[in-house]
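First comes the structure, then the notes that go with it.
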Amino acid sequence: MEKPIRCAVLGLGRLGYWHAENVASKVKGAKLVCVADPQTDHAAKVAGELGVDRYTGNLNEVFEDDSIDAVVIASPTSTHADMITQAARNGKHIFVEKPLTVDLQEASDVLRVLEETKVVCQVGFMRRFDPAYAEAKKRIARGDIGKPIYYKGVSRDPGSPPAEFIKNSGGIFLDLGIHDYDLARFLLEAEVTSVAAHGSVLVHGFMEEFGDVDQGIAYATFDSGAAADIECSRNAYYGYDIRGEVIGTEGTLLIGSLRHRDISVLTFKGSSQDIVPDFPTRFESAYVLEMQHFIDCLLNGQKPSVTAEDGKKALEIAVAAKKAFETGSRVPL
Amino acid sequence: MEKPIRCAVLGLGRLGYWHAENVASKVKGAKLVCVADPQTDHAAKVAGELGVDRYTGNLNEVFEDDSIDAVVIASPTSTHADMITQAARNGKHIFVEKPLTVDLQEASDVLRVLEETKVVCQVGFMRRFDPAYAEAKKRIARGDIGKPIYYKGVSRDPGSPPAEFIKNSGGIFLDLGIHDYDLARFLLEAEVTSVAAHGSVLVHGFMEEFGDVDQGIAYATFDSGAAADIECSRNAYYGYDIRGEVIGTEGTLLIGSLRHRDISVLTFKGSSQDIVPDFPTRFESAYVLEMQHFIDCLLNGQKPSVTAEDGKKALEIAVAAKKAFETGSRVPL
Amino acid sequence: MEKPIRCAVLGLGRLGYWHAENVASKVKGAKLVCVADPQTDHAAKVAGELGVDRYTGNLNEVFEDDSIDAVVIASPTSTHADMITQAARNGKHIFVEKPLTVDLQEASDVLRVLEETKVVCQVGFMRRFDPAYAEAKKRIARGDIGKPIYYKGVSRDPGSPPAEFIKNSGGIFLDLGIHDYDLARFLLEAEVTSVAAHGSVLVHGFMEEFGDVDQGIAYATFDSGAAADIECSRNAYYGYDIRGEVIGTEGTLLIGSLRHRDISVLTFKGSSQDIVPDFPTRFESAYVLEMQHFIDCLLNGQKPSVTAEDGKKALEIAVAAKKAFETGSRVPL
Amino acid sequence: MEKPIRCAVLGLGRLGYWHAENVASKVKGAKLVCVADPQTDHAAKVAGELGVDRYTGNLNEVFEDDSIDAVVIASPTSTHADMITQAARNGKHIFVEKPLTVDLQEASDVLRVLEETKVVCQVGFMRRFDPAYAEAKKRIARGDIGKPIYYKGVSRDPGSPPAEFIKNSGGIFLDLGIHDYDLARFLLEAEVTSVAAHGSVLVHGFMEEFGDVDQGIAYATFDSGAAADIECSRNAYYGYDIRGEVIGTEGTLLIGSLRHRDISVLTFKGSSQDIVPDFPTRFESAYVLEMQHFIDCLLNGQKPSVTAEDGKKALEIAVAAKKAFETGSRVPL
């Protein structure tokens, strides 16, 4: 066996914990050597659960440790720019959760640092690694549907996060839509030239205070001549509903499914199936696969297929969508 | 417009009524001129509802009427042989409900009469006209699955008919299985060489008295080398479930669907769809299409695709299946 | 049997022919007594095919004939206002194809005439009678999904009509979208307060000349607080794709299916099913059921569930969507 | 972290390799400390790939090593009885692939040894751990379908293994059917009282030489009054097709799906989906979950839910089915 990539995970919230778990036990070629969280107690607990020797409440320690090859940044978005910069300056490769940064200026700064330091940086657009989306990419490349001309995305959450989260989320077009902006670029292989956005508060009145909506639709045009519509919703009172379509000049692809367990119950009331309940269930394997890709790239000296540039591009679209919604006008990019 | 085929319907139970309704309003080229039922009052009522000028309680009147071209026989099976014989002797074309007759001797007698009189006779194996089964036939003929080698049928009723019906039904392997025996011959294009059958009373204890079961399976071999299994059940506590499969040397066909209305309701309990509730719903169009075929054959001087010979063949298999179940041994044909 | 409603069909293009066929043979309580088309030869031919005694090339004859109870108007949209007015002034009940009229002023004029003359008028929004949409309406009324808050419609044609048709069609937001505007009103039970619209020419370059697009999306808000998005497309290179969703506060309804025949072919290449190929196939029963509803209303002295007012409302939304697309701004209603 | 269970894997064929891989990296609480195979070179290679310190070509070494807690037996079935006996006599817990042994006498002997030595023994009926079957069990226990009265299993392989394998396989009713016998007992919670079996050579003529068939059906009755039919086939020329149904007195469960990737390609030829290609793909997670269950039982001092007794019971049914097929008569148990 090759020498494994020694990883530290920074930030041990829900996502950070998963990343830590995946690095510790499911990703080949990686070794989790340290977990870090400002709440030292929590870091200690996670270290115990995952059988990791080291933990720390001081994230800077990690950057200074020469035995660490790569960091997984799952701390709050507001800290991303600083974390990436420190990691890069210390020669550590970086996996960072989406969104790359809070704003575009920060994203540009971060890209400059990455260019200078030559470290590898992958952004956590895990949907690209979901077997269904990954297969869609292959089919399109193979020409199964001719030239891709339209992307239609649906991202629906089973209800709203609490007001506290919404307040700091950047709004539905940024927080919820960003995965679909990345997927549209990925599957259409084109860049956005303009965005329009509309939305309404259908259920969660409290959102009005923050200028946010619980149901929105963004429309984008692309430099290839393609277009896209993306529905973002907090109103799936039945489960977690992520679907995509790519219309091509010779056919169309439907991606994803509501189905959870492969079982149907038939009674006189009808036939019923479980629906995928939440995003951990839907994208469990995607989280493992994206981390495996990151480690494989480090082991093989390759560039990840989702770079910091992709992180910045999706952020640009998100920021434009937010502005388009606020101004009521189409925003060119 | 060509001169329409003048039809009479004999026997106005549930099936007879549908045939009358279809002839009266949905089948092109046919004219319903008389409805007959031993219960004259009922015949009068049906005539009124369907706008038919003539009705009678004396079925023999129909046979003697030279203005009638064709009869639809939907009277009890025990009367079929006599009805067919009289109709044929009087030069009337015949559509007769399945099963052709009560026993094989009668079937042979009837076939002889039909041969002598040269009238057209179609048996009511309506599933052959169901768009899904008809399409399966086309696909097999086109070679989509290579050579057909196995037929797997499921016929499940949503519960049992009353004891009175079961008592006189001939048993599940005859009453319920006969459509699938015909479909197996139709789709495999082969004749049965042996039948085995097994079954159990799972729910309806009263059946034991009649030597019948509420769940059975028949296994048949064919002269082409193909084989088949056919499940007959009274235990579909969710709807009417008719499914078929044809395994071929290059693929397999699945025929039919449980789905009723094209609507899904999604809630946190799951996704649910309606199930086809009963046989009128499932085979509504098949009943119209089989009658249209009968009339078209009369208008064009063609032989129907489901003949009295087919009726006799299916009866032979059914009788063998019954015997195989009763004796516990495989019965050669 | 009650005295049937004596009907004439005006305009014998594809739709007019279907209506004539349905009235002649599939709708109970109706009698087709006359078919009319400016091309007298064609009218004669249709009369022969459908066994109708009378035909005419002079549509005015129909209005003056006191023995005719009702007319089915399937002539070009530009003639609707005049046809409706003449029919109403002559006391004839009216079934008119959608759209009601060419413009809103005409629609207002027509509504006034209908009010004065008290004749019954039904507009041909046949999707309301499609079993899936009709069932959706029932489920929503029954409370299965709580309060309906969002309608998502997809209407995709398998390619574009010829340039000549597109030129005079009024554009995709009017021609293709109008059914969904009606369905959104029908299923959300609310009126539109504003419309935005976006679109692109993805494939059919010739449309640019007419200011039309082959893929568009309209976003509407409703007086109940609900919202809707409606995709209109000429780019379904796989079949005829009509789908709808209604999101409610306690669940969601999915309406419709791509599936055509209930058969699956399984080979090593995968599982495949037929897709609904075109609108006659998809909505065959809806055309019969809407006409049956019209006749039933006349027989029972009831108001149809789809009135001329509904026709005008949908037209208003369509006109607003077109304007929104052309100006790039949201249009209030 | 608790002290992990130290495991050795005996036999490194395809299944043995998977078990080794799962123990090494996917099962929590287990540590793979040794891999053994008569081909020492192969054992060495596997040890290198999986990062295991020890390998051996002498399986007896493993039994004598006190530091090993448990063995996974994936050597040929003919060696199972001896392996189990040695492992048990040396106090090692046992996971053994199905079938438990070659014949019933051996199975009885093995059970006696296990009883004496009190070691834990789990048999590899991994389908019980497949999420769909496991969920079915829960739903039945919860009463979703009333009392279970019928099991219908379909197990179809995408073609036949080579003649050499078939020759030593024990025949389709033993080799292919054994999983379904176990599932029928598991889901119906009842024991078999009689078995009948029928079959044909539909495609693979060479099987006749070995008295085997490529398509068979077994019918079983149970002491609860329930019944079952189980289709075994080598003729799925489209993929790997494992389906199950459990009919209950208040509804029915359908288990499993042909669907592979959650993607549909729509073209004018129709809609198509991938089909599950093979058993590793279908049951990947089941293999991990069964091993996790084994380790969890060892860690918690619990009895596995699939015991050697279950292994013997399934073997009894398989032997009876084989005899029933050979004699043409129903065989009581």
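Order as written gives the chain letters A, B, C and D; numbering starts at 1 within each chain.
To be clear about the criterion, contacts are C-beta pairs under 8 Å (C-beta built on N, C-alpha and C of every residue); 3 or more make two chains touch, one makes a residue touch a chain.
As the structure is a computational prediction, the values presented were derived from the model and not from experiment.
More C-beta pairs in contact connect the chains of A-C than those of the other pair, out of A-B and A-C.
Ranking every chain by how far its Cα centroid lies from the centroid of subunit B, the top place goes to A. If each chain is reduced to the centroid of its CA atoms, subunit A and subunit D end up 38 Å from each other.
Centroid to centroid, with C-alpha atoms defining each point, subunit A and subunit B lie 57 Å apart. Per-chain Cα centroids separate subunit A from subunit C by 42 Å.
For subunit D, residues that reach two or more other chains under the stated contact definition are 145, 236-238, 250-252, 259, 266-268.
Remark: subunit B residues 145-146, 149-150, 152, 196, 198-203, 215, 217, 219, 221, 225-227, 229, 231, 233, 235-238, 247-252, 328-330 touch subunit D in the complex.
Subunit D contributes residues 1, 25-26, 28, 48-49, 51, 131-132, 135-136, 139, 144-145, 250-257, 259, 261-268 to its touches with subunit A in the complex.
Subunit D meets subunit C in the complex at residues 158, 236-239, 258-259, 266-275.
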